[in-house]
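Have a look at these structures, which come just after this line.
First chain A sits with chain B, and in the next complex the same chain sits with chain C.
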Partner chain A sequence: MSQLPGNYIEHHLEHLQLNLNTFTMGNGGFWTLNLDTFIVGLITALLIGGLFRYVAVNMTVGVPGCLQNFVEACIGFVDRTVRDTYHGKSQLIAPLALTLFLWIFLMNTLDLLPVDFIPSLMQMMGVQHFKIVPTADPNMTFSMSITVFCLILFYNFTVKGWHLGKEVLTKPFGPWLFPVNIFFRLLEELVKPFSLALRLFGNMFAGELIFVLIAMLPWWSQWLPGGIWAIFHILIITVQAFIFMMLTIVYLSMAHDSH
Partner chain B sequence: MEINATLIGQLITFAILVWFIMKYVWPPISKAMQEREKNIAAGLEAAERSKRELDAAQHKAISIIHDAKRDASHVVESAHKRSVQILEEAKDAAREEGNRLIAHAKNEIEREVTQAKDVLRKQLSQLAVQGAEKIIKHNLDAAKQKALLDEFVAEL
Partner chain C sequence: MEIASLVAQVQSFKAIAAGLLIGLASLGTAIGFGILGGKFVEGVARQPELSNLLMVRVLIMSALVDAFAVISIVMGLLLFFTNGPFVSYVLETAKQVS
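Presenting the complex of A and B:
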């Protein structure tokens, strides 16, 4: 390892950025696009969309093939989970949950690639920084949690209508304490997107950081902590994707039902 | 960690992906899955039904076989009776025929015996006449002899 440890870590935590004001590479304040996050997100999205669309087109009612079985298992799993929790009529919830689960899972899985593999490849092609795991970028996680938050607001307003006002004013402490009720309710709703986004981001970022730290060990000692952490990380990847999906379903069904 | 325009880009990507999954992936797959579930349920039901039908058919077949066996034993029994009857009849007929033949033969024998007796009587009479003639030729005339003989024959 020729670099200093600090440089090495910093190098791994920097995004490949495009300044949208000038369309040059580099940081442009808010109007910056993290190209790595965006491109990897796009590729994984295309992969999922393409694969599932391919299966949907070639769907047979008869004996399913291997790929169809896998896709059906995913859809059956999500469908069951949604049906257990959510009792509304919306046709959006189940596909949304499926998309969240698959996309997050796939993006998380990229964490299992060797930390230096993609960045080194990119460096050979002249790209200085490339962070391969989009879910370790808060922009990614917040984009999903904000979508969920918007849907929570949408369903609260459309499903409950005027009852929402009553609910906000009177629950949980009764009508006389309505300022407290409003405060609690606002807090409760606002915390949701943050908890969703930061939980996923935190887990993935920390996981990636630990891989980077392991990569700084002498080469002959990396396999043991690296292996253990990778195996453990498989669990984290799946669990985080599942938690994000599950909480989305729970939040949205809460937005449908009165407290 | 900084929030920037990537958020907007990812929002759009995410929205498009959700829309695509909702529109083009979820409905056909879940429809096909439901259809398969229905097919399987129908298949199971059909299997159950055909099993019941098979049971019923087996019962029916057993009862038919029982009936057939009973009928067959009836037929055999009646045939047996009939054969015995025919045998008896044949025996009777044969006995009758035999009796008839015996009676006929007896008649015939009697008739022939009578005939033979007649013939013998005639021959005997002739012989007697001849013998008498030979004897009497020596001492009696023919007329007296004839009268004597006729008398003798009549007495015979």
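Presenting the complex of A and C:
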């Protein structure tokens, strides 16, 4: 590493961007597509979808192989978690939770690759900036959390119907304080997408930045802090994926329960 | 020379801000984890057969306690290690004035 530390970090924080106004590389203000996030997210999604599809097609009722056992364990785990929290009969929540959990987990796992490995590989092919972890990009996490938010709104309106109005007007403080109730309810709903997205983004971004900082140490002293942080990070990526799934289930079941 | 002192002033404030961001966030999570772990041990001591269930809950809560502190710490580290907009803003203003 022959650059200044500030430049090295800032080089690692830049995305491979596509300007959607002119379809050239570069920052286009609002109409910018972060190509690296998009491509890596798509690849990981296809990987999971393809794997599960493959297992589902080749499923045996006899002695299952390693892969089928793994997939069944994943599905069983998510199914149990959903059953513990949500007691209705929605066809959507369990598959949504499974998708979110595995997808976020796989995208987070890319954080454990060496920080300079993929960017330098891309640099050999002529691409200047490439960020490998999609969940360390707020666009990715916000797109997921806003989707969940839209589902929350949809179920609030369709399942509760007129009860929703009653709930919004009278919920914590009774009917006489209805302006306060409306304000509290709006705040409560609007905080959900932000807290979901910022929590995941913050953790992944933090992990990546600390890996970058470790990579700036001299090469002989990187092993110990890098190893410790990587082991701690395995816990973080799993727990963050689980939290995102869990909170999605909780929010959606709150949207289903009418009081 | 004046520009150097201005930049030094900005950098010193940046260092103080980074210290506050990292330190206060760590303080908050330390208190949170203390309460969380203490209550967990109390709960397990009261009902040891629930320890697996409580462990999962504690892990979930620990991620919630951790999350915003981590964001704050990273903002502090970013402020500390990257050049950021502040110094370049000072330099540009100085260039316009002189």
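By our rule, the second predicted complex is superposed on the first by the 258 of 259 C-alpha atoms of A that agree within 3 Å, B and C clash if a C-alpha of one lies under 4 Å from a C-alpha of the other, contacts with A are read in each partner's own complex, and residues count from 1 in each chain.
We take it that a residue touches a chain if its C-beta (ideal position, glycine included) is under 8 Å from a C-beta of that chain, and two chains touch if they have at least 3 such contacts.
Small disclaimer: the values here were computed from a predicted structure and weren't measured.
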item	value
Clash or fit (per the criteria above) of chain B with chain C on chain A	fit
Which superposed partner A:Leu186 touches (first chain B, second chain C, both, neither)	neither
First (chain B), second (chain C), both or neither touched by A:Leu96	first
First, second, both or neither for A:Phe30, with chain B first and chain C second	first
Touching partner for A:Ile231 - first (chain B), second (chain C), both, neither	neither
First, second, both or neither for A:Phe38, with chain B first and chain C second	first
Chain A: partner with more touched residues, chain B or chain C	B
Chain B versus chain C as contact partner of A:Phe242, first or second or both or neither	second
Vertex chain A angle, Cα centres of chain C and chain B, expressed to the nearest 10 degrees	120
Which of chain B and chain C A:Leu209 touches, first, second, both or neither	second
Which superposed partner A:Gly76 touches (first chain B, second chain C, both, neither)	first
Least C-alpha distance (whole Å) that remains between chain C and chain B when both complexes are overlaid	11
Touching both chain B and chain C, residues of chain A	205
Chain A - residues contacting chain B, complex	20, 29-34, 37-38, 41-42, 45, 48-49, 52-53, 55-57, 59-62, 71-72, 75-76, 79, 91-92, 94-96, 98-99, 103, 134, 137-140, 142-144, 146-147, 201, 205
Chain B to chain A touching residues, read off their complex	1-11, 13-18, 20-22, 24-26, 28-30, 32-33, 35-36, 39
Residue ranges of chain C touching chain A (in the complex, touch as defined)	59-60, 62-64, 66-68, 70-71, 73-74, 77-78, 81-83
Footprint of chain C on chain A - complex, ascending	5-7, 9-10, 13, 198-199, 202-203, 205-206, 209-210, 213, 236, 239-240, 242-243, 246
